[in-house]
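Structures incoming, each one as C-alpha cells.
First subunit A sits with subunit B, and in the next complex the same chain sits with subunit C.
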Partner chain A sequence: MALGELTVLRLLRLATLLAGVSALAFTLVHASPIDPIQAYVGADVGLTDEQYTRLREHWGLDRSPVEQYLAWAGSILQGDLGVSTLYKVPVSDVIATRFGASLALMGVAWLSSGVLGYALGVVAATRRGRFVDRVVSWYSYTLSATPTFWLGIVFLVVFSVWLGWFPVGLAGPYGVPSDEVGFTARVHHFVLPALTLSAVGVANIAMHTREKMTDVLNSDYVAFARARGESPGQILRNHGFRNSAAPAVTLQFAYFSELFGGSVLAETVFSYPGLGSTLTEAALGGDVPLLLGIVLISAVFVFAGNTIADVVNAALDPRVRSRT
Partner chain B sequence: MSEPILSISGLDVSFVQYARGLRTRTVTGITGLDLEVAEGEILAVLGASGSGKTLLAQAILGILPHNARTGGDIVFRGSRLSPARRERLLGREISYIPQSVTSLDPLMPVGAQVRIGLDPAVAEHERRRLFARYDLPDQVAGLHPHQLSGGMLRRVLFATGVRDTVRLLIADEPTPGLHAEAVAEVLGHLRELAAEGVAVLLITHDINAAVSVARRVAVMNQGHLVTVEAADAFTGDGERLRHPFARDLWRALPQNRFSPGGTE
Partner chain C sequence: MPHDDETSPKKPRRAWPVAVAVVAVVAVVAGVVTWRGQSGDQARSRSAELVVAVGDVSGGEFDPLKGWGSRPAQIRLIHSSLLAVDANVDFVGDLAAAYSVSDDALTWSFTLRDDARWSNGEPVTTQDVIFTYDTLKKDGTRFDLSFLDRMEARDDSRVDFHLKEPRSTFVSQLSDIPILPAKHYGTEYSADPIGSGPYVVADYQTGQQLILEANPYWYGQKPEFTKLTFLFLGEDAALAAARAGTVDIVYAPPASAGQHIDGMDLRSFETVDSRALTLPTLPSGGKGKIRTNEVSVGDDVTADPAIRKALNIGLDREEIVQIVLQGHGRPAYSLVDGLPWFNDQVAFADGRTEDAKRVLADAGWSDADGDGTVEKDGRAAAFTLLYPSDDRLRSDLALTVAEQARALGIAITTKGSTWDGIYLDGKANAVTWGGGRHHPHQLYEMYSSKVIDTGYNNMPQYTNTTVDGYLDQALSATTQDEANTFWKRAQWDGQTGFAGEDGDAPIIWLVRLDHLYFVRAGLDLGDQPIQGHGHEWALFNTLVQWHWAN
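And then the complex of A and B:
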C-alpha cells in the first residue's frame, strides 16, 4: 500500500475513533448525576427555579441530548473545547499547561522503563533460571501485581513520612507561586511520582523482553549460530538484539495507554498538577467541558502511541513491511 | 583407507528429566556408538525419526539441550574434541548444514549471514565467491530469508557452511521436501566437497539419497548403531547386506519387496 493511502487510512481511523469516544463519553456524562449548572455556580449557591430554568435555556440544556452532542461536537471541530467551569478559562489552556507537567513525568517514566526494563529483561533471559533471573522475575511479578496508587502511597510513607527525603506532594513548596519555584525544588517534587510510574513500567517491559529474548535464544537460528561457533556475545549482537528490538520498541509505544492510566493514579496520590490529577478533579468537580476535553486528548495521545508503534515495527521488521 | 578425520567411540547421550516433583529419571538417546569418517568420504547415517541420528550431530557439535549428559570419546583429527577446542573449530574446520531453513536469522540479510565467521577483510569477496559457486544472484545478498525461495535458502545454508578450512561437514537432512532435481543438486554439492577432501557426515532417512552419494551407510535404530554397510550392497534384493535390520529396511521400500520386515 502506498504511503499516501496509508496516511489517509490512519487519519480516517483517528476520525472514527474520536467520533466514537466523544459520543460514548458524552453519553456517559449525560447519564451521570452531574448537574452542569449546579457545578458551575457552586454547591453552596442557591438558585431560584426561574433563574435555573433561564440558565438551562441559555446553555441549551433543555434541548435533546443529540442536539446537545452535535452542538458540542460542532464547536470542537472549530477548535473550541469550551470553557472549564472549575478554572473559568478555556479548556485548551488548562490542558496545555497541565499536559506539559504530565509529559515530563510520563517521559521520564517511559524512558527509564524502556531502557532499564529492556536491559533487565535481556540479563534475565541470558541467565534464565539463575539467581539474577529470579530477582528480576520476582521484582517484575510483584510490581506488575501492584496497583500504582498503592505503590505511590507506600513510597510516600517510606520516603516522605519516615525518611523525610522528599516532599509529600505538589510540584513545588506549598504557598510559593509556581513561577518562583526553582529547578531543584521542581526536581525534588518530581522524583517520587516519576519513581512510582517508572517502577511499574520497568516491571512490564522487563517481563516482556525476558519472554521474547528467551524465545530468540531457543530458536533454530540461535542453535545454528552456536553450531557455527558464534560466541554468546556474538549471538546477542548478531541475532539477540535484532530479533528482540522490534517487539520491545513496539510494546514501548503501545504502552502509552497504560502510562496515561498510571499517571492519573500517580498524580492523584501525589497531588501533582498534571493532566491526570486534573482529570480526577474535573470528574469530582463536575467540570464537564474539561472532563470531555481531557478524554479526547488522551484518546489522541494513545492513538499516536499505537500509530508510532506500527510505523516503527514496520521499519524494524521487513516481514511486517512486506505485509502492509 | 586414508586418515580418519572424525572417530567416535562409545558415545552415550542421555537426558535428565524431572518425572514427578524433584525425582529425576534418565532417558537414553544414544548408547555405545562407534563411528569413523575418513578424509574425502561421505558417510551416510540412516535411521527413522527418533533413532538418534540428529542427536549424534548435536553431540559432535556440542549443541545438545542443557539437560543432556554425554559419555564416550569424540576425536577430531587425532585429538579429543574438548569444549574449548570445539569452540575454536566450529565454523572453521567443523561445519554444519542444518535441516531447516528456519535456522537462518529472519531479520538479517542473507549476505550478512554468509559473512559471519569470515575474516572481515575478505568477507565480502568470499561471500561473492560463495554466491557464485552456489548459483545465487548477487542482488539477493541484501534480501531477508522470507523473500527467497526454499531452494535458494538451502543454497544459502550451504554457502554459510562451506569454508576453505573445513575438514568435516555435517549435513542434517538436507534433502526432505525437495523435488528430485533439487535433491540431485544438493547431493552434487556434497560430492563436490568430498572430492575436495572434506569428510562428510550425511544424516538422512532417505535411503535412495544415502545410497546414491555415500560410500558407507551407517544404520541407526533406537539409539544404537545397528550396522555399517557398504553403499553398493543396497542393491537387488539386498542379499549382500550383512545385517538383517538393513535388509528389512531395504526390502521395505515400495520399489523393492514392500515387505513389512521380519521376514527371515
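And then the complex of A and C:
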C-alpha cells in the first residue's frame, strides 16, 4: 500500500475514532448522575427556580441530547471547543496551558520508565531465577499492585516532609509570580511527580520484556547460536535485543493511555496543574465542554502513540513491513 | 530453567545496581541542585507574608457573574460590599457608611463612605453600586435579586434600592455581593480584577496559587500582612506542606485533627454549618415538584408527629457528634443555633429513650409481634433515609441515626444515592439535609408553606399557618431586631413552632460542625464571628485583624 493511501486511511480512522469517542463520552456524561448545574453552583447553594431555569437555557441544557451533541460537534468542526463552565474561559486555552505541563511530565516518565524498564527486563530474563531476577520481579509485582496516588503520597512524605529535598506539590515555588519562576525551580517541582509516574511505569515494561526475552533465550535459534559458540553477550546483541525490542517499543507507545491515566492520579496528589488533574476537576464539576475537549485530545494522543508504535514496529521488523 | 546458568552474561549483572545508582544520583542531584535558592518553599518563621492552604478555593475567580461571592466571606479579600458581618453577626456598614429602611420596608437607602477607592485610586461611586446590582439582576443566575425592582442615585453618595416586596434578609445579598467598578468591568475582569478590598491580586496561577498584595488605597484598617499566598493543594498535600513547615494556615479535616504538627496549633472554630434529617410531613400518595420536576410526596410513618417527636427527643446528639465528627462539633437543635435569630428555648435534653418510647406508645405505636420495631394499625414504624454516598459525613450520620433509632423501636433503612437521585426521591423519604448561613433566609426557604414545590425548598412539605405568619412578618420587618423577634417566634412561640422539644420537627437538626485549622503558633486570627459554611473562606472575615501575638 502506498504511503499516501496509508495516511488517508489512518486519518479516516482517526476521524471515525474521534466521532465515536466523543459520542460515547457525551452519552456517558449525559447519563451520569451529576447535574452540571448542581455541580457548578455547589451542593449547599440555594438556587431559585428562576435562576435554575435561566442557567439551563444559558447552557443549552433545555435542548434534547442529540441537539446538544450536534451543536457541540458543529462548533468543533469549526475549531471551537466551547467555553469551560468551570473556568469560564475557552476550553482550548485551558487545555493549551495544562497540556504543556502534562506533556513534560509524561514525556520524562515515559522515557525513563521505557529505558529503565527495558534494562531491568533484560537483566531479569538473563538472570532468570537468580537473586537479581527476584528483586526485579518483586519490584515489578509490588509496583504494579501499587496505586499511583498511594506511591505519590509515600514519596511526598519521604522526600518532601522527612528529607525536605523537594517541595510539596504545585509547579512553582510558593508566593512567587509565575513570570519570576526560573527553570531550576520548575525542574525542582517536577521531579517527584515524574518519579512517581516512572516508578510505576517501569514495572509493566520490565515484566513484559522479561517474558519476551525469556522466550527468545529459550528459542531454537538461540540454542543453535549457543551451539555455534556465540558468547552470551553476542547472543544478546545478535538475537535478544532485536527480537525483544519490537514488542517493548510497541508496548511503550501503547503505554501512552496508561501514562495518561497515571498522570491523572499523580497530578492530583501533587496538585500539579496538568491535564490529568484538570480532567478530574472537569468530570467532578460537570464541565461537559472541558471534559469532552480533554477526552478528544487524549484520544488523539493515544491514537498518535499507537500509530507511532506501528511505524516503529515496521521499521524494526521486516516481517511487519512486508505485511503492510 | 536448566540453561539459565549458561546464559548469564557479565554485563547485565552490573546493570541493575548501576541503574538504581543512576536513578538515585539523578534524583538526589536534581533535588539538591534545585533546592538551593528556593526562598518560597523553605520552612517559615514569623514574617509579613502568609502562606495558607485552606482547600479548594478555585472557581469563579473574582467575578460575581462567575459566582464569586456565593461562598461566605469569599469576597472579603479583594472586594468590599455595602454591608458586612461583624463578630456578633450583626450587619454593619462596609462601603455604606449608613443605611435605613423605609416604614413600608420597600425602600432601602444607603450612604456611601466618601473615602472608598478602587485599587487603581479612582473613587467608588453610586454608579458602581447601581451597575453591580443591575448587572447581577439581569444575569439572574448567580444571586437571587428577583425581589429587587430598581435603584436610583439620589446624589453622589446616596443610593435608594426599591423592592417589589419586603425582604429583611436582603442584608445577605448586601453583604455577599462584591461591588464592581462600572468603568473597568468586562469579560476580562477575572484577569485584572480591580476591587475596593484590603488586597489586590498580584498573580493568579490557575490550579496552583493565588498571590495577593496589600491594596494601598484600602479605606479600612491596614492589614499587618503585606502578602498572602493561597496554595491550591489537595488535603494530603496541604498537610504534608504543613509538616514540612512551609505554610502558616492549613485546613484540617476532622480525621486529621489528632495529628501533631511542630510549630502549629490546632484551632477550632464554631460554625453555623449544620446537618439534619428532613422527614416528610404528609401521608404518602401525593404529588409535588422539586426543581420543576414532578415527584412523589409523603411517607405514612414520618407523617405521624409522634414519630418525629420520638426521634427528636430520643436521638442522642452528643453521641452523634462523638461518632460522626470525632467530637469536633456540637449538638444542633435548629438551623440557626448560636445566631442572633436563634430562639434558645428550642434547645432541650435529648437521648431520652424512655420518653421517646412513651411518646410512641401514647400515639398508639406498640411492638405487638416482638420484632423490635413498633407498629400501629398493622404498619411498622419503618422508613428510608437517603444520603449522598460521596459525602462521608452524611453517610456516617445516616448510619448512626439508624442505629440509635433502632433502640426507640423505629427501623430506618439507609440508602446511598446521588444528589440528583435524592432530589427526586427526597420528598417521599427522609434525607440527610444541611444548611447554615449568616442570615436567616434559609428559615423561610425550609419552613414556609409558601415556597413548597419551588426549588428544593421545604422538603418535608411542611405547613403551619402560625409559623407562616411569623415568617412573613420576619421578612417584612424594617429592622433586624424586629425581624429576629419573628424568626424566634417561628421556631417556638410557647404554643407551636417548627423547632424545640414540642415543636413540629419536620426537620430534625442534629449536629453543627467545627472548622479545624492548623495555624502557626502565635498567629492571631482576630475576633472571629461564628463561621459560615465552607471552610475555604470562612476565616477571612477578620483578615485585616490578623497579626502575630507577642
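Just so we're on the same page, the second predicted complex is superposed on the first by the 296 of 324 C-alpha atoms of A that agree within 3 Å, B and C clash if a C-alpha of one lies under 4 Å from a C-alpha of the other, contacts with A are read in each partner's own complex, and residues count from 1 in each chain.
Throughout what follows, contacts are C-beta pairs under 8 Å (C-beta built on N, C-alpha and C of every residue); 3 or more make two chains touch, one makes a residue touch a chain.
For clarity, every value in this text was computed on a predicted model and none was experimentally measured.
K.L.:
Tell me the contact category for A:134 with respect to subunit B and subunit C: first, second, both or neither.
P.N.:
Neither: A:134 stays clear of subunit B and subunit C.
K.L.:
Please indicate which partner A:191 is in contact with in the superposed arrangement: first for subunit B, second for subunit C, both, or neither.
P.N.:
So A:191 only meets subunit C here.
K.L.:
Contact-wise, after the overlay, does A:63 reach subunit B, subunit C, both or neither (first, second, both, neither)?
P.N.:
After superposition on chain A, A:63 lies in contact with neither partner.
K.L.:
Is A:53 touching the first partner subunit B, the second partner subunit C, both, or neither of them?
P.N.:
After superposition on chain A, A:53 lies in contact with subunit C alone.
K.L.:
Of the partners subunit B and subunit C, which touch A:239 in the superposed model: first, second, both, neither?
P.N.:
A:239 contacts subunit B only, not subunit C.
K.L.:
Determine, under the contact definition given at the top, whether A:13 touches first (subunit B), second (subunit C), both, or neither.
P.N.:
neither
K.L.:
More residues of subunit A are touched by which partner: subunit B or subunit C?
P.N.:
Here the partner covering more residues of subunit A is C.
K.L.:
Let me test your reading of the model: by the given contact rule, A:319 touches which partner, first (subunit B), second (subunit C), both or neither?
P.N.:
So A:319 only meets subunit B here.
K.L.:
Applying the touch criterion given at the start, work out whether A:226 contacts subunit B, subunit C, both or neither, answering first, second, both or neither.
P.N.:
both
K.L.:
Would you mind listing the overlap between the subunit B footprint and the subunit C footprint on subunit A?
P.N.:
Looking at subunit A, the two contact sets intersect at 223, 226, 231.
K.L.:
Using the touch definition from the top, list the residues of subunit B that touch subunit A in their complex.
P.N.:
Within the complex, subunit B touches subunit A at residues 61-63, 87-92, 95-96, 98, 100, 102-108, 116-117, 144, 146-147, 160-161.
K.L.:
Can you name the residues of subunit A that touch subunit B in the complex?
P.N.:
Interface residues on subunit A, with respect to subunit B: 219-221, 223-231, 238-239, 242-243, 246, 317-319, 322.
K.L.:
What does subunit C use to touch subunit A in their complex?
P.N.:
Going through subunit C, the ones touching subunit A are 1, 3-4, 6-13, 15-16, 19, 23, 27-28, 30-35, 37-41, 49, 51, 59-60, 63, 66-67, 70-71, 139-142, 144, 146, 190, 202-203, 205-209, 211, 227, 229, 231-234, 236-237, 240-241, 243-244, 246-247, 291-292, 388, 418-421, 434-435, 442, 445, 454-457, 533-534.
K.L.:
What part of subunit A is in contact with subunit C in the complex they form?
P.N.:
Residues of subunit A touching subunit C: 33-35, 38, 40-55, 58, 86-89, 94, 97-98, 112, 116, 119-120, 122-123, 126-130, 132, 135-136, 153, 156-157, 159-161, 164-178, 184-185, 187-188, 191, 195, 214, 217-218, 222-223, 226, 231-233, 235-236, 268-271, 273, 277-278, 281, 285.
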